[in-house]
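First up is the structure itself, then whatever we jot down about it.
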């Protein structure tokens, strides 16, 4: 996407202005996402108005209103929650400012309120994780006990990943989730919950963690309990941040469904297109993949985040 | 009067607090149109009896009737509604509200549910004028002196169309003139048929106004007597419970040699000390072994002046010398380091830490002076505390009781004890005998004499001129926040003369102290 | 028998009786759910079991709550402890992660010293706002609660800083004499604070300032200095807790570390019997309160309570503890069961009076 | 009310004197204007009237909640449950509307839950003498727990009444406000009137001044204390409805930490946390201050996530210190 490099935006005042409202800085993933957007904007010669909503929908709506007041050219945002955007998006539409969603979708019935959605599909991530497990345990005869570390209760990634994973493993009746608890997407949470899982359940075969951080926390608990992660207990996570990839490469994790934060370049591309009035597909999924221990080793040296 | 039916009876009332039998089978009758004095030493149970009556406390046994009907109030609100209006000991008003509102809150004049502010202020002014009090009723109550607050509390209680009016030590912080106004109002109300319960430690006031006296001692009823049939001495004996003649002892002290004061370098010497908007510059010296009395009307600035000596407020002009050496007293700590002690008139907000025990409260200043790293050894604490509990007869004599559970007078003694154990060279006593029973008052006066004989310098502030006269070597008189004169306490000095000095410009009285 | 009779009210009337009862009940519920809950075994020479986990995990909470107890005793409150946890943890981890040899004890000690130094500054900041400028404690510390998190993320650049340092890990997951080091450390700090406040006059002075600040000042206590001090102590306690929390997972997360720990700490203090109005404080009670809260959290995991209802469960237990602990509630409850006018009744009234005198 | 009372007092006084009790509010107002001036001078679009309207549109629910909090804080209490009650109300409305209940009934139910919880908390606080902080903290857990219990994901609202209430624009010249703003203003006016001109309101101040005294003065202390928590619950419920207008959905994690914003707004508005002094008008200013700070930061648009937090903290600090220094209040009335 380097074709945008020498765009007309260099003409000082008529630089394209993009208002971007970020969820917050609640995780390393999110920070990488922010960095990617900022770097890409600088590279593409787009003036970025950045706003951090600190995980509050109210703040995001306020930010969008202010963007409208400032008459930015394009608005992009990662919605904190799915619902509740119609009113403010209508205002943007009335003001003639195109909107791009990133990372998370909204559930508006009126699809004309935004131009496009750019991001990953959390349900799909869960499903990919589940499908890998189904494949992996094809030959298993007895029951396979799974414990699940959920993300923050009520958050969209947690809900969707749980859903996708559940749907996928339904394919094999041997697979059973014996315990599921929220670890709040944090290492400390993952560790504390896993400690109790281990004590309550003598036989755990698989851990599914909704993100790498909880998986990494759980890793410590598993080691402390005298078990071998990756062997005694197979670990599946989502995200593929650096520490997670390292653990995967080291054989401590078994599988990661990637959820890439590097949306920046794609977003800038899209911003220019919608500003120019070009047609864009209504839904663009980030290029994402999955990693096994083998592929992780290969990918690790070139990982950016 | 006993031919009419009592408006209020309390029979066999008992009230236990953990570890304390505050009331034990007390009977009490109150007739319409009488002023009934409730007497007893500190901690005798007077305030508790009143609080039981108005439902602040529940009682463990006994019965109460009002107009022959058995009643049991669940709280002051019900009591007020039933026509029992009360001024509790210690001013209980809201400092954050205006004077007018404090008088009328809960029964503000309204139209269509809306409070009529202007009307309320007008009526408040009128009511206070009846008590000879002229002040801006829109001012915050918290900015008024304790005495004004006391008057406001009285005004509030008096204005309610009550059948029973209870006044728990209303006069303790009033000056002679204020007391006169109050007495006038009380007589007027009595003549309207209202029954008044009157608690005080001033015997003169009792004999001036009370028709009947009930005496309590240690939570028990001693008896009920018509005032005319109970001579003053007998009353004191009944209160104290032994034939110890407190009054005579007081008289003995009056005969002390007031001339025998050391001269030489004064312990403290204030030169043009003052604080803008608070006290005009004044000069005053206090010598070793000298008691300097301070007289003046309410709000004449005695407290403010005393606070400057102690650094509780910081003087913004003038000099202060201790032992002839100029010092700058920037705060209480600097004063304490120079062995100055200050017993505040306002024990509840400036004196005690209610939650801490008697022992801790007594030890506090000494401990603060030593620094936290050198705790007073427990054995020594117990020793000191025990000594002063006995010396000042603090009751109950339990050093570990939270000080908020003590009766008002006993709390005052605790504050005094706190400063005495620091063995100060200058002791500032601001109304130390307020709310203290006659025995304890004698005790404190004796102590002052003893301490000054031992070389301590004392600044003694009191609304009671007799007391000031009895103890002081010289009397400083304040008026309108100015020290107007110093009078040597020789034979020619008497209360009348001081009054005349005070009255020199008395038309401008308290409440109107704004420039 | 007779002495037992007499002893009983003394025991049930004790401040800590009900929190301890609830603690025991919670543990019992866990045992019913999973009989092996109380089992403690020695694994690799370390004690291992849910009970050990609970105590180990409550160690940082105990530390934060200890500092909070002193702050509350002066009539204040410190909302910024969570942020201080994050800042100090981030600072220590950042410095360690930059070392060429992360296992070098000297480097770790320097990192800890730096982090404690920052915590000191933050404590002084809070204390100055409250004691010198006279801002109300909730708001004064709210400022740092908001800005401190930003500071922590500034230090970590919004990333999670992973460290690989054995000496640092020691603080969180290490063992001494089979006991988790965190427990030993919390115990040591508790003892230190207890000795500092109860063997010297500091405790009484703090209580005096909390009970009546003006009266204390007039009695010659440097009330401001004491107030400043407690915020500093609170910040330092939070810093040590920050080391524990970050060492526990060998990583510093500027956003998540110590999130909402201030609420848990305040709860612990109150359950322990210290009044939010200031005055008397009880360190032992605070420790029990912290243990109770951690047990509650761990129970949710151990009993696999649905995360959707976990908060409801927590609300129920908290209110239950506070209710049965409240003298007024007990008085009303008692009266119904025993004859009217029993000596237990006036307890409520006595409390009412607290404000009076 | 504060204004009427203010002018009345100024007229009533024979000589001019500093309205000491209103000073903190006046200082807040002054500082707010200064902040606004800075915004206008820095960003061209800031001077649009709509920016001001947006502050009201975007903070209406917070304002309503903060007004309820003002009542509680004036009595010297605190209510930590408001954020969760707001979320719960929105959640319940969304869930009931999804189930097809008529909007009027939903509105009624939603407006009843908050006050009921407030009433219960008030009773526990008063009768069992448990500290408000703890009771309302438990209430906060409880209401938030109910949210996730109802649904762990957000529920959109498609009901016609709700959407029209949400999207109706009331034009004022070129600019507009929403229905929520009008509701907010009504709540503010009613609250201000209640505090200044009803016995209930005055009792609130008395209790904040000294609860024990208020009791001994024969005021209905218990009733009033329970009432303020009920009022706070009601305001939170109204806030919840406004928020559901605002977002047209109910989400379990919405309004987390709103209690702190509300407390901050109340205090910035010059109300004392120990109770007894403060005005609704001050609270309005406090909310505006928070709103303007946020608007400034969005307009700037260059701040990093963490710098955003640091700057918010810094601005809060500057504001509070300035207010403290300018509105220096005599330590006047005796503490309790």
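Labels for the chains are A, B, C and D, by order of writing; each one numbers its residues from 1.
Please note the rule applied: contacts are C-beta pairs under 8 Å (C-beta built on N, C-alpha and C of every residue); 3 or more make two chains touch, one makes a residue touch a chain.
On a predicted model such as this, the values are computed, not experimentally measured, just so you know.
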item: B-D compared against C-D, more contacting pairs; value: C-D
item: Centroid comparison with chain A (C-alpha atoms), farthest chain; value: B
item: Mean-CA-position distance for chain C and chain B (Å); value: 43
item: For chain C paired with chain D, centre-to-centre distance based on mean C-alpha positions, whole Å; value: 30
item: Inter-centroid spacing, chain C versus chain A (mean Cα positions, whole Å); value: 35
item: Shared interface positions of chain C, touching two or more other chains; value: 153, 158, 212, 214, 254, 307-308, 310, 352, 356
item: For chain B, residues that touch 2 or more chains besides their own; value: 56, 348-350
item: Interface hub residues of chain A, defined as touching at least two other chains; value: 24-25, 31, 34, 153
item: Interface residues, chain B side, partner chain C - complex; value: 16-18, 56-58, 60-61, 90, 310, 312, 331-333, 336, 342, 344, 348-356, 360, 363-365, 367-376, 403-406, 411, 418
item: Residue numbers on chain C that touch chain D, as the complex places them; value: 79, 129, 133-136, 138-140, 142-154, 158, 212-214, 254, 263, 266-267, 270, 275-277, 307-316, 318-319, 322-323, 326-329, 332, 348, 351-352, 355-356
item: Touching residues (chain side chain C, partner chain A) in the complex; value: 34, 36-37, 43-44, 48-50, 53, 57, 153, 157-160, 162, 173, 245, 248-251, 253-257, 297-298, 300-302, 304, 307-308, 310
item: Residues of chain D touching chain B in the complex; value: 5, 8-9, 12-13, 21, 193, 196-199, 202-203, 205-206, 208-210, 212-221, 276-277, 330, 332-335
item: Residue ranges of chain C in contact with chain B within the complex; value: 199-202, 204-205, 207-208, 211-212, 214-222, 279-280, 341, 343, 345-346, 349-350, 352-354, 356-357
